[in-house]
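Here come two complexes built around chain A, the first alongside chain B, the second alongside chain C.
Presenting the complex of A and B:
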């Protein structure tokens, strides 16, 4: 095995890592920080993907000269749309289910089915795809034999930006301070004057918005169909649970571990074997560390 | 109130018996009756979910695993019989040369039946006891079982040559030489299935009312207190989960016999989660309710996908939301409350209540 193959493998692992991380970041906030099991998270990604599709159509018809940069606009629209949807969803639906996690799970599963059928009725059952901007197609070839696809490099860069934003928001902003306070001790936070309802709604909206960004980005890698969200949901949960639900760093590391081992196994065996091995490995790991790999050391309640 | 619930359960059983053994066989043609038996196969799973989720507080989103095990084992036997002495056709297509070793014992019907009952029991018990010992519960258990269902469906789809892949195992007509696709034999099978369903339902109803059931309820409501009282709660939960797994497996085997097909799609995430709604609609606390729920959702599915194919997922999704939000204990709870209202109007009952209050 030459050095070039190792580099290409590492790169595709890195690429999968950023994809998993984008998928899981929103979920890590909603599930990890708020404790809400949102089974419709995958459908929020699909919403982001469909918004991207609509934006691409709009640019194609009205502003063909700007087709090269539509993706930035689309990512913003996808974020905005899912953010608003998430906000409304939390206020009108999710908030009735706090402290009933299993019921939340089933109700949001129902929501995911409704959304899937809504996409099918609106956009048709076929796959839709968006054109890739010319500057994103092709590959960068630093040395002969090593090809790094540009769209994947773009995603890696974008994920780093998004990850940084999430970090800054959670750890350097007033909102993040409030979120962490509410996570740690809800009644006390309310007592010192934090409007916990608003924090909940905003947090859920941000988590949904991140799902929208993820969905938007995935249109660069493949087409979208009404069932797309289903493909992502279990993987996202696996990443978050494996990393330890209340730690964003854990989510990132777990996404990295899963992605690199999956691509490595895929190289030596098949995709199915890789997937099954990873799933079983995570389940066995959870047996030994039920709180996830990077659970904070606190006394159990 | 408690007697009232028992009374309403028994009357539901009687109504169901009349419906399933008299009205439906007389009123439906063979094709429709076959569809009913498909949903009755799922009712076995739903009864298991009532036991684990309703009474044990354990939500498994992976009951499709055990349904699939039962279904696939039965299909392996039928397929071997159908293709003997050749290899099953899908193996030939995937150019598998010899019968895989783990297929060989399934030439024997007795072995097949035993493994349909034992294999899921052993797997589910070992898995769940280990997990419950680690005090993994609630949503984590749900997610772990969900990922296991995904894993099994992925394996079944991927191992084309050994499991028939995406299309599953199909195309078999006889069970030990007896034709199983004629209308008569399907009818006999249907009656056997209904009787088995009642037997299983009665068994679980009794389990719930036994000391075991009381401990299970206590675990659901306050597990740590039960543990402090000296009970091995993991053992109780694992036992309940094992019973549910065996029921699912039986349901799966019957499903294969009636539908004539088993495929990874009934094992996977979608159908595994769907199985929960059967129990939830009827009422997660009522065993006959689970049967009613399976039938109702099944009828709705057949009706809607026949006349309004677009609306089926809207309906199913809406059902999840409405049941969880409005009637978390399902239809049986609604009926019970209604009956309690009516009973309260009865003067004798009111007098009894008054004397109780004094």
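Presenting the complex of A and C:
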């Protein structure tokens, strides 16, 4: 096997990494803050993908001259739509299930079924896909034999930007300070004056918005169908558990490790073997480190 | 200023606080004295809103707070220093203090905080969880102070703190009250500390207020009887 194959495989792993990271970041922040395991997170991703599809349709019909840059509007709309949907969802539904983890699991799973059926009724069971802007088609060939697809380079760049924004929001903004305080001690956060209800709603909305961006990114790699979210939800959970909740770096490294091993093992064996291997590895790891790979350490409070 | 009227609080199934009434006047410092398990922490958690009230009222300057979430009570003018400090272990000292400024979000810690607690200024970038018990206690007080409360509520601030720091703590609380005009409600088992800080002393026994004394009252030392294990 040549070095060119290794590089191209690693690169293909990177694009799986971007989707897993965007999905897992939202899941991890929401789980860390509220203890909510959101089984409908995949359907929020699908929502982002469908919004991207709708925006593409709109541009195709009304503004064909701007088709080259529709993706930027689409990403923004996907984020905005899932953000608002997440906000409403938290206020009208999720918040009634706090401190009831099993009920949350069941309720969000039910919600995911409802959403899948809604997509099926609205968009049909068949796959829909969006046209790729011409500047995103094709590949960059740094040396002969190594081809790096432009669309994948774009989404890697996009994910880096989004990841940086999440980092800045969590560690440099007032909202981030609130989120980190509430994650560490919810009753005490309220007792120092933090409006925990508002933090919950906003954070759930941001987590949903990240899934929406993941959905938008997904449309550049494949076709969307009502079950698209299901493809990534399990892997995203594995990323969160493996990386350790409440560690952004852990989530990123874990998404990287899992995406790259998935792609590598897939190359030598099959997708199923890859999944099984990764699951086994994660189970063994959790036996020795139940808090995940990157649990933060301090002396104690 | 702060009025608690006929408060009843349950901790799980047990009726922990029974018809407790108390007041804290403007610029006044009141100590609630009692042994472990007599209901001090339950009472204070109910006042700040970490435990629900079964019946009774909590009123601050005419505003009823007993049905409000904690953060609204803080906005109304209460600030809480809990038993065991409960600083945010993974936030830096500075971030811990800034969490208290929700009603007037700031990017910097007000300078007077570091005048009272110079050690916090030196440790601004350390994680709260890596501080000693005494330093965490100062941090918890600083975090409560920046909310600019009318009434500072402290639950057993001397617990697990070494004697030299306890003296410093008492001096700081006296200075805070004098300089910043805040009222203090503190729960204690250590009478000597309470005598330095408070003017009025309520004795809590099995969830009821059973005695009340002023600092100059003849029988003030009798409170010790209630503090014996």
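The rule we apply is simple: the second predicted complex is superposed on the first by the 296 of 301 C-alpha atoms of A that agree within 3 Å, B and C clash if a C-alpha of one lies under 4 Å from a C-alpha of the other, contacts with A are read in each partner's own complex, and residues count from 1 in each chain.
Quick note on the criterion: a contact is a pair of C-beta atoms (placed from the backbone, for glycine too) under 8 Å apart; a residue touches a chain by one contact, two chains touch by 3 or more.
All of these numbers come straight from a predicted model, not from anything done at the bench.
Undergrad: Kindly classify A:192 by the partners it touches after superposition: chain B alone (first), chain C alone (second), both, or neither?
TA: Only chain C is touched by A:192; chain B is not.
Undergrad: Regarding the shared-chain residue A:255, is it in contact with chain B (first), chain C (second), both, or neither?
TA: It touches nothing on chain B or chain C.
Undergrad: Tell me the contact category for A:166 with respect to chain B and chain C: first, second, both or neither.
TA: neither
Undergrad: Can A:177 be said to touch chain B (first), chain C (second), both, or neither?
TA: second
Undergrad: Between chain B (first) and chain C (second), which does A:14 come into contact with in this model arrangement: first, second, both, or neither?
TA: In the superposition, A:14 contacts neither chain B nor chain C.
Undergrad: Quick one: name whichever of chain B and chain C touches more residues of chain A.
TA: Touched residues of chain A are more numerous for B.
Undergrad: For A:274, using the defined touch cut-off, is the partner it touches chain B, chain C, both, or neither? Pick first, second, both or neither.
TA: So A:274 meets neither chain B nor chain C here.
Undergrad: State the interface residues of chain B toward chain A in the complex, per the touch definition above.
TA: Interface residues on the chain B side: 53, 59, 61, 130-131, 134-136, 138-140, 142-144, 146-148, 150-151, 154-155, 157-159, 269-270, 273, 276-277, 280, 310-314, 316-321, 323-325, 328.
Undergrad: Which bits of chain A are touching chain C when the two form their complex?
TA: 174, 177-178, 180-181, 184-185, 187-197, 296, 298-301
Undergrad: For chain A, which residues are in contact with chain B within the complex?
TA: Interface residues on the chain A side: 37, 96-97, 101-103, 105-107, 109-118, 120-121, 230, 234, 237-238, 241, 270, 272-273, 275-276, 279-280, 282-283, 286-287, 290.
Undergrad: Under the stated contact criterion, what part of chain C meets chain A in this complex?
TA: Those residues of chain C that touch chain A are 48-50, 69-71, 74-75, 79-80, 82, 84-91, 95, 98-100, 102-103, 105, 127-130, 136, 143-144, 147.
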